[in-house]
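In the two assemblies presented below, chain A is common to both, partnered first by chain B and then by chain C.
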Partner chain A sequence: MAAAAELTLLEKSLGLSKGNKYSAQGERQIPVLQTNNGPSLTGLTTIATHLVKQANKEYLLGSTAEEKAIVQQWLEYRVTRVDGQSTKEDLRTLLKDLNSYLEDKVYLTGHNFTLADILLYYGLHRFIVDLTVQEKEKYLNVSRWFCHIQHYPGIRQHLSSVVFIKNRLYTNSH
Partner chain B sequence: MRLFVSPGSPGSLPVLAAAGRARGRAELLISTVGPEECVVPFLARPKVPALQLDGGNYLFSTSAICRYFFLLSGWEQDDLTNQWLEWEATELQPVLSAALYYLVVQGKKGEDVLGPVRRALTHVDQSLSRQNSPFLTGETESLADIVLWGALYPLLQDPAYLPDELGALRSWFQTLSTQEPCQRAAETVLKQQGILALRPYLQKQPQPSPPEDKAVSNEPEEEELATLSEEEIAVAVTAWEKGLESLPPRRPQQNPVLPVAGERNVLITSALPYVNNVPHLGNIIGCVLSADVFARYSRLRQWNTLYLCGTDEYGTATETKAMEEGLTPQEICDKYHIIHADIYRWFNISFDIFGRTTTPQQTKITQDIFQRLLSRGFVLQDTVEQLRCERCARFLADRFVEGVCPFCGYEEARGDQCDKCGKLINAIELKKPQCKVCRSSPVVKSSQHLFLDLPKLEERLEEWLGKTLPGSDWTPNARFIIRSWLRDGLKPRCITRDLKWGTPVPLEGFEDKVFYVWFDATIGYLSITANYTDQWERWWKNPEQVDLYQFMAKDNVPFHGLVFPCSALGAEDNYTLVKHLIATEYLNYEDGKFSKSRGVGVFGDMAQDTGIPADIWRFYLLYIRPEGQDSAFSWTDMLLKNNSELLNNLGNFINRAGMFVSKFFGGCVPEMVLTSDDRRLLAHVTLELQHYHQLLEKARIRDALRSILTISRHGNQYIQVNEPWKRIKGDEADRQRAGTVTGMAVNVAALLSVMLQPYMPTVSASIQAQLQLPPPACSVLPTNFLCTLPAGHQIGTVSPLFQKLENDQIESLRQRFGGGQLEESLELKAKASPKPAAEETRKTAGPQEIQTLLEEVTKQGNLVRELKAQKADKNQVAAEVTKLLDLKKQLALAEGKPLETPKGKKKK
Partner chain C sequence: MMHCPRPDRGRDGGRSSRTERLGSAVPPEVAGNPGTERLRSSPELQGAVPAIFGRRGEPGAVACALLLRCPQLPATADAMGFGDLKSPAGLQVLNDYLADKSYIEGYVPSQADVAVFEAVSGPPPADLCHALRWYNHIKSYEKEKASLPGIKKALGRYGPADVEDTTGSGATDSKDDDDIDLFGSDDEEESEEAKRLREERLAQYESKKAKKPALVAKSSILLDVKPWDDETDMVKLEECVRSIQADGLVWGSSKLVPVGYGIKKLQIQCVVEDDKVGTDMLEEQITAFEDYVQSMDVAAFNKI
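Up next, the complex of A and B:
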């Protein structure tokens, strides 16, 4: 999904009606938002954070210092690790780490739904779609979290719904 | 919370600096772990630094940890900060970690290291210089500065990896590096070992994948044409339409100029040139010319301005000169004072006062300040070991001793200061001292002297700096110098000398001594003003109403930023102290130093003999003003800038605009009917004008000159696109269009003439005479672009403003002034760099041979251009280019110029 399309999805899920236009910069097609007053903004997470503030939904950026730092950490993770991975091995490490992180958490910050969940969901969608049933079971916590987010009102929109099976097929896998 | 770090992990730098910067870190425990230890339980690979939060969760991202410390202190991050952090993580880190790996683990050097990161460094540099503020996100330091500083520190702390041309990056980096939290983080992580401290950590890391092979381009990032909102355009158009009427009334000229309550009162000084030397171009740009631009600008803003300077006349050097020439010191001063005044008059320096320090007022004020310091207990007495030359039968003043610098080993250190490392020296500390006059070794003798008790005044100084520096326009180098002095601790400073030619010391037992010139030279500004008006105290004892700007080269910073403020604070007489200290770096000559004794360089009195007008000198010196970094005067470059920027860009635009009015409209400004294109031009010019104001308000003189050239480039493009010379022959609508474009263009030219006034006063005046610009518009520069030449205005006779400089003319000047000699610059000498291998084979060829080669180069160059224009066969072009390069090389050898290094480190 191109960054501009993703930001349009985000705008809708935030209830922003205006509809910004985005241009793309350089080889990696980094999104640029030309704001009316002031300089343009560059970068997916920068613009996403800006949109959340614009929609007056600051709670999506975390409410305590700890939450805020965690949200931004996972946003950085999204643009460096999720978007930057190049091999199948990278993907496995990433899912393994994330699975282990989410073991005791509902959302990335713990108990509260934030922008980090939205952007990580958008970023991972194309990989999760291709996982086998066995892999989905192997990364059980990631699957649980992903399934939860895709059912969160207004987030998924036109993206395909990924099917997760509630009954375990491979009971001996771990 | 617990922070896990590993020795030599680069991420520790920003994290420790951020922890130091943000104060909520009382409960921070730091644990040191090995580079391969997995501290974050959910990550499969080791990752440090990591922060374990009290709730049990972990932060493993370096920026997130830094952000957390800032958030704990209540500092939120804005969009711009987020943008920098995202750029750091996605763009900078991949290339930077590769560069560090090459450097530290693989031992690569030079371009191998710098190559991958150059683009990113340039990006930071351009952002800083474009937005014109000291920090990445504005006037104050933010999280972005700490994170980027920490990332870049390991690389940039080695000056070899901080390219010269990135001046804005350099000042930003230096400013941050001197801040305490950063300094401490750097000491903790690098442990004085430099980059090698990172080795134990980095060599355990996997080799970063080489940054993708992007199409590398050496072109600077494209200058974005700012996008304008409809609102900005509307505001610009409204201002334009108001025209001349909206100009503020002109300030009446008063004599003498005195501060006025409720107005902005600007007092400008430029460092006092020492009387017995003829100033060279570096002296001129460093102080009087820079201050002159600012003074002229200040008057154009209608600020109440007083600009003063004078010759510094006391001291041994004068005494010696007098002996040499068989005159009295007073006669020497009289003679050279006139020489100085003449030179500055020729350069069109607009002093309100050009005075001198050998006056009764100087004695009176200096002695008063001294008495006040004495009675308040800030003067110490001590015996001094001093160098005495037995052959010359006198104590040697500092500048009459030379020797090896005890700090850096530089061989030609002066007795008071080392030119190389800038540290102040006590003459007796010099190794292998020599009397500069007779070259014999002086002996140490003792003598009673007075000292200014700087340690006792340090606290007051700190308090004053704490109030003055934030938000002021002190240049980064000045801040840097003062900070490093304070860091080393102040020591009592001797203020008397065994001399006759000076201000007498009013104290028993010191009758045959005088004040040391650095105690009383800075008091010269006060006495020069006192000779101008008996109400001088309204300027100098009025810190509430007066903004004092002091211009100088960086070697003068300690005396203006530290010694004089200490004297003034200790004297407790409500003195006006420097608010904005503007210091330049050094100007080199061609590739070496100016040197009177070796006859290298251009000196003030010789500039007039070159036949090149003063305004061209002013323009070129200001264009290369060593602002933020050293720069070099080069004859070839001067020719280039004159012919490209002045003749082809600025002169061409102003001349065409005027010619169209005279040729097509009988010298009468035509009716203008603005279309949306014209409105956009208007808004762009307005924006650039405002940029010019922002820069000059901060005394960024060189940068503001670029704004003028940018506007005239816009203007040239505008004419080129609209082709008024064609449309004038068309139908009614076309002719109206030609009229609008001509009218707009000539108004832009009028604006440029005013903007140019601080830089090139004579050229400015001749443009204004040619255009018959109404007098009120000539002397005020508003913040908006106004229509000052309305339809119907009659202009005068238009003629060309600039002359082309020819190669042979410049070549003969270069020879005459000893340019292109194999003068190694000071920096090169200090690094003891090996001389180029080609050295032995080089002999400076005769002018005849050079001329022949020059002609061949020109011929070959034309051939190549023709071939390219005809789109000739690639191989053929390549062959001819090779020939051309070969010829150029021969020419360079013949002229004795250093060959350009193949690495292309220095862009020409």
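Up next, the complex of A and C:
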């Protein structure tokens, strides 16, 4: 998904009505937002954080100091590991790490829904859509988290809904 | 543990059909179901009394409460639950159930989670990682427990479809929670009242069972299967679709409907038993024929 499209999706999910215009910079198409009476902002996570503050939903950035740090950690993860991957091997490692991380957490920060969940969902969508049934079962915690986020009101919008079947076909015990 | 696919639990369709079926104090339809086979062959059930789950406040519920004082009551095919949530086996069921779900019902915390949370006696052991994850998460909602959406129902209403709920309060008798109260009992002897009521209920059930034929929830689905282009061999495509076999799935008539540019889509009818086959399974299997099938849609879905 192009960065500009993703930021537009994020705006809608945050309830912001005005559509910003984003330009792209450089060969990796990093998004740039020109603010009205300030400097231009460059970078997906920077702009996303700015939008969250504009929408008055600072809780999405975490409430305690630790939670805020974790949110930032996962935003960084999104841009470096998820967007930066190139091979199938990268994807598998990523999903494996994520799967073990999410074993005891409902959301990325633990118990609360944050911007990290939103951006990681948008970032991973194009990969999860292509997973086979067996892979979805293998990364069960990622599937559970993904299914949960895609049902969160206002997040999925026009993105396709990924089907996770309820029957366990490949593994009968966990 | 294999769970039978159920029509969209947690979303509107599933919920309304579930309350429809269990709405009145009418005994659930078990005749001819695999569930009754289990009932008859199970050695520990003597004089098997079917559990009749009525809603709280209805006359059925009182009888239900008295009936459920007997341990090892067989559940019907419609009942749910996690087994005995105070035992390791019950927690294992809960763990498997929660492996791919964040909450007991739906995608937000609700009274369903509160009900099951209160039935569990403490944090599950660390090897049941999904149950433990869920437990800690619901614990974090401790203060907002009362304001979570939904209505707290009896434990038998939650969980995988083919497991009965046998949670008793055992030694710990908590009078705080109405749900636990239903099951908790230090009184081993059944009063005459309870016996009489039970006999009466049995007679009622028998007579109703004799009148009603076996009812299995079925649906008629009309599927649109679209090929890649007008060169695709539609006969082969239809063969592939019809080759999908499943228990509870019967293929019906089909026809080719032109959609323009010489492309025809295959419209095929099938009748499925709701408990056994779901549209997502059909979708997976049909779209697996990548050479012929571009996509599949449900054109119509009617309950029979």
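One rule holds in what follows: the second predicted complex is superposed on the first by the 171 of 174 C-alpha atoms of A that agree within 3 Å, B and C clash if a C-alpha of one lies under 4 Å from a C-alpha of the other, contacts with A are read in each partner's own complex, and residues count from 1 in each chain.
Assume a contact is a pair of C-beta atoms (placed from the backbone, for glycine too) under 8 Å apart; a residue touches a chain by one contact, two chains touch by 3 or more.
What you are looking at is a predicted structure, and each value in this text was computed from that prediction instead of being measured.
Contacts of A:His111 after superposition on the shared chain: chain C is touched, whereas chain B is not.
Applying the stated contact rule after C-alpha superposition, one finds that A:Thr80 touches chain B and leaves chain C untouched. Judged by the number of chain A residues each one touches, B leads among chain B and chain C. By the document's definition of touching, of the two partners only chain C reaches A:Leu140; chain B does not. Look at A:Val163: by the touch rule set out above, it reaches chain C but stays clear of chain B. Using the contact criterion defined above for the overlaid structures, shared-chain residue A:Glu66 touches chain B, although it does not reach chain C. Once the two complexes are overlaid on the shared chain, A:His148 sits against chain C while remaining clear of chain B.
Across the superposed pair, chain B and chain C both touch chain A at residues 103. Every residue of chain A that touches chain C in the complex is listed here, in rising order: 103-106, 111, 133, 140, 143-145, 147-148, 151-152, 163-168, 172-174. For chain B in complex with chain A, the touching residues are 41-45, 53, 55, 57, 59-61, 63-65, 67-68, 71-72, 79-80, 82-83, 85-87, 89-90, 93, 209, 212, 214, 227, 229. Of all residues in chain C, only 1-3, 5-6, 95-96, 99-102, 107, 129-130, 132-134, 136-137, 140, 278, 280-281, 283-284 touch chain A in the complex they form.
Of all the residues in chain A, the ones that touch chain B in their complex are 27-28, 30, 34, 36-37, 39-46, 49-50, 65-66, 68-70, 72-73, 76-77, 79-80, 84, 86, 93, 96-97, 100-101, 103, 110.
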